[in-house]
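Before anything else, here's the structure in question.
Labels for the chains are A, B, C and D, by order of writing; each one numbers its residues from 1.
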Amino acid sequence: MNYQQILNEIFKELKSGDNLGYVASYIPELAKINPDNFGIHLTTIDKKEFKVGEWDTKFSIQSIAKVFALSQAYQLVGDKIWERVDVEPSGTSFNSLVQLESNHGIPRNPFMNAGAMVVCDILISKLDNPEEDFLSFLRDLTPLGEISYSETIAKSEKAVGYRNIALCNFLKSYGNLENNPDRVLDFYFNICSIEMSCQELSFAFLYLANDDFRSSRNLQVLSMSQAKRVNALMQTCGFYDESGEFAFRVGLPGKSGVGGGIIAIHPDKYCIAVWSPRLNEKGNSYRGMQFLELFTTRTESSIF
Amino acid sequence: MNYQQILNEIFKELKSGDNLGYVASYIPELAKINPDNFGIHLTTIDKKEFKVGEWDTKFSIQSIAKVFALSQAYQLVGDKIWERVDVEPSGTSFNSLVQLESNHGIPRNPFMNAGAMVVCDILISKLDNPEEDFLSFLRDLTPLGEISYSETIAKSEKAVGYRNIALCNFLKSYGNLENNPDRVLDFYFNICSIEMSCQELSFAFLYLANDDFRSSRNLQVLSMSQAKRVNALMQTCGFYDESGEFAFRVGLPGKSGVGGGIIAIHPDKYCIAVWSPRLNEKGNSYRGMQFLELFTTRTESSIF
Amino acid sequence: MNYQQILNEIFKELKSGDNLGYVASYIPELAKINPDNFGIHLTTIDKKEFKVGEWDTKFSIQSIAKVFALSQAYQLVGDKIWERVDVEPSGTSFNSLVQLESNHGIPRNPFMNAGAMVVCDILISKLDNPEEDFLSFLRDLTPLGEISYSETIAKSEKAVGYRNIALCNFLKSYGNLENNPDRVLDFYFNICSIEMSCQELSFAFLYLANDDFRSSRNLQVLSMSQAKRVNALMQTCGFYDESGEFAFRVGLPGKSGVGGGIIAIHPDKYCIAVWSPRLNEKGNSYRGMQFLELFTTRTESSIF
Amino acid sequence: MNYQQILNEIFKELKSGDNLGYVASYIPELAKINPDNFGIHLTTIDKKEFKVGEWDTKFSIQSIAKVFALSQAYQLVGDKIWERVDVEPSGTSFNSLVQLESNHGIPRNPFMNAGAMVVCDILISKLDNPEEDFLSFLRDLTPLGEISYSETIAKSEKAVGYRNIALCNFLKSYGNLENNPDRVLDFYFNICSIEMSCQELSFAFLYLANDDFRSSRNLQVLSMSQAKRVNALMQTCGFYDESGEFAFRVGLPGKSGVGGGIIAIHPDKYCIAVWSPRLNEKGNSYRGMQFLELFTTRTESSIF
């Protein structure tokens, strides 16, 4: 399959078309990004690389970090994690409090904000130095460059993150947090503030594509069963209230972030990261969704 | 892969274990079925067959019929179907009216009862003799035996189907039905009453597994893109409020019915039908779920 | 208190102002009414009458009939009625199915459509000839003229009342109806189709204003405790999702109908009926609400 | 009317009956109260006093403070207050976040926790020294004794008030708070911590019973129209999800608090305060509800 040529073609087509939607503005720092950035990086399981555009510019990975957090917590506590967070798609927006009320404090899945906060709570309880240890976990996955938190982004989000503060205290009121909500929020905002490039992301997620579920540094990250389950979760819940649409149009497990990044996994084949900051009305990258739909159609690589 | 041996092993293991749950009792006729029936039939895309237990006993396919109905409507009207029904998982029970109210009459997906009623409405409008033409469509898919409606089941369900009557009139009140609710309900209850065996089902669904999306009689049923989308929909929405769980544990697109049947598709490999009438609390076959989880684990054939 | 002068003044003021809103159009027959009809009739507990405008034109009383139905059922079965319908304001629209789902088939109060259907079901079970006996009950309350059902209105409503059909079947699905939903709907549409004038209404409701709770013909309709409870229910639930607003601005127990009628009770003083067909966005008479607010302000006769 | 004799009789009857329910335990300090306290104090508009039991023991007035806060804010900003909080009963629990989500940050009424927080926000913006000035307002209403905040109670509630923290940040996320959520919560917990006796309460609320709407010290607190509207709000929304029940059984405007206190107003007649710490399942005083139902029945003083 001539991935590079297909990347180039679709990139060119979309570049010349409309770039609709808005850069996420609720986090003031994110609003400063140039909305016309557009990069793609694909890594195959045998580590061949294909890339186009701003593939090596770092951007705020935001909710994509939830997949890393889930993976590390899953590695640490195993299936006990599912006692505190469910595995069902939500049918509501990513920061809905309604769902949490009707499920008595059990988030529907680990990719909704509330679910990710429960995962953060587990990491805080289990890791000696949560911020450091989480970064080490990431560095093992992507030995390409320096990965770090963006204090500016984390602060910016915290200053106006009233809804996330509400969610986190709501979780605590149901007894589904061990740690103080302020601590959980700090960690949550920190991991969402991490900056990575498309290249770093497509390398980092190889552990979900490889058939031995090892990282690019050859560390075993998850068991086969665990990795398949993380993929299944991304397929059903990775795109907020557009998860069905993504499965329908793209046909790969994936996860998006409000920074405009999307990663998608083709088990046994490749991992692809796309970045374009303008978001559609459901909060997912406008060009990212378009790109991946065209890509899996032309490469006939939907998993379905 | 020695499918037959694996089928036999799992069958034996589960037979000797608990068979929990209850046969669906809200349709009086269904409650008469022997709850210990248990059959499996797998057909590979090159038409090799593997089977065990009551694989050739006919049973009420119930909601599995929704996949056939969707496929026929998709064939007839193409993507216009998505103007009247969405493609997102629901996060609520299969017969919830709440969801319909908050989405102003657009069902979340074609596998919820309300969504299937919209699909039925389309078929009634497009087919000359809906009941006959739908049966012809099925007979083309499975040339193995006689397929027909069960008047007894359809009547039995209609007599007490107050909630479905409510749903259908609710849809009509939003203007999302062209035909009279009574007519739509008749057709809906009719298609759900169809009786097929595991063998017939695993043959019939080959058009979703074959890479040319042809039926076992070699008719083109859907385009590649359409077939992949139907599979994606089954993956995200096929098991009511347990769709995430099924993706998580089994890792195949599939669809269940309250008659205790489940079909699952492995694109490019096989189609499998399982039948065991006792249902878990989410309304899916208790043993069917267990069987498929063990099966994809041992054959390592989850798509993720 | 010079009621007549105050009626005249407010009538004149409002006549010269805007008459906003729309005549209810979901019942085709209702849409034919002249929207500028405007009548008021007040009867004191010592049977003095004050009136202005179209006070003796008959109109479709619609939901005002729910108060009569509740009173008759209360008379027949006493407090057992509250086992099947609650007494709390709903916080949702009059024909919401959501509320019914979260309360497992128990309507929030007898003035929501679902609650009134349960009341109708009780009357059908308890009365020998429901339609006739209900009319007799009304004729005893208002011996002024002929009262009867409007077949045209009832038919018109039935033909398009999909949402009410949905509600009624939904109730049945929860087991909260003894009779067949079709029969309950017939009776429900019939009582809502009754036509009365403002004069007839203000006489008919004297049993809720008199301190002996007798009708204008001196029949004991309810016990003191029962009458006070019906008034309390009208105060908290009589105006759909505008009940708080009505208490807030008018300060009397009352009940509105989509035909544009409103009745309000001042215990120990008077009963007033207002009619003006244009409805505000909450479904209550635009001028009726205005009239009553000005009236209780100028007569200082809010009960609060 | 021999109020004293009736108070004595009912007091005696209830004392010898069951005292069911539980003292509020979610605020640790409240759980320390002797659950058998039981006091009543009635003040007529001509300042005659009737009392029985622990009528002069101070207790935590909790949500009863919301009526004082609303009155002061209403005095300060007039009807502009209704741009930020609605006047409709909620149909959900006092601390529900669901309602707030579906109403985009506008609380249904000023007696739900979220509504009271908006009122607190207004007071913080308008008063020079909010805590002091609110206390002065109260001292003007009840010149009987010393009134003050309980630091212990306020702290105790704040330490575990995760759900209220959630609510307050949720409000802020919708832009319906001018001040910082932490400041609003402090003030909110402070006013709820105020301790008063039944005697002090029945005096303090005279401004809602007197026909000139003056306080016991003869200060004009609200206009007639404002006072009637506060009463109407208490009637429709004063008892959380039991407001309809209270109107139905007692028939007076009133307000309860989780400290076990209830006040009720008979316009033009009297103000009554009851205190008994055990709460029914809806969060209202078990004996308080019983007492008031018997009291308005025997004195025939429901307003309906």
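Basically, contacts are C-beta pairs under 8 Å (C-beta built on N, C-alpha and C of every residue); 3 or more make two chains touch, one makes a residue touch a chain.
In this text the structure is predicted, and so the values were computed from the model without any measurement.
S.K.: Under the document's definition of touching, what chains do chain B and chain C have as common neighbours?
M.R.: Touching chain B as well as chain C, we find no chain at all.
S.K.: For chain A, which other chain has the most distant CA centre?
M.R.: Comparing chain centres, C lies farthest from chain A.
S.K.: Centre to centre, by mean C-alpha position, how many angstrom separate chain C and chain D?
M.R.: 32
S.K.: Distance between chain A and chain C based on Cα centroids, please, to the nearest Å.
M.R.: Going by mean C-alpha positions, chain A sits 55 Å from chain C.
S.K.: With chain centres taken as the means of their Cα atoms, state the distance from chain A to chain D in Å.
M.R.: Centre-to-centre distance between chain A and chain D: 47 Å.
S.K.: Would you tell me which residues of chain A are touching chain B in their complex?
M.R.: Its residues touching chain B are 86-92, 99, 108-109, 224-225, 227-229, 231-233, 235-237, 241-245, 247-249, 251, 253, 267, 297, 300, 302-304.
S.K.: Quick check: in the complex, which residue numbers of chain C touch chain B?
M.R.: These residues of chain C touch chain B: 96-98, 101-102, 162-163, 165-170, 172-173, 181.
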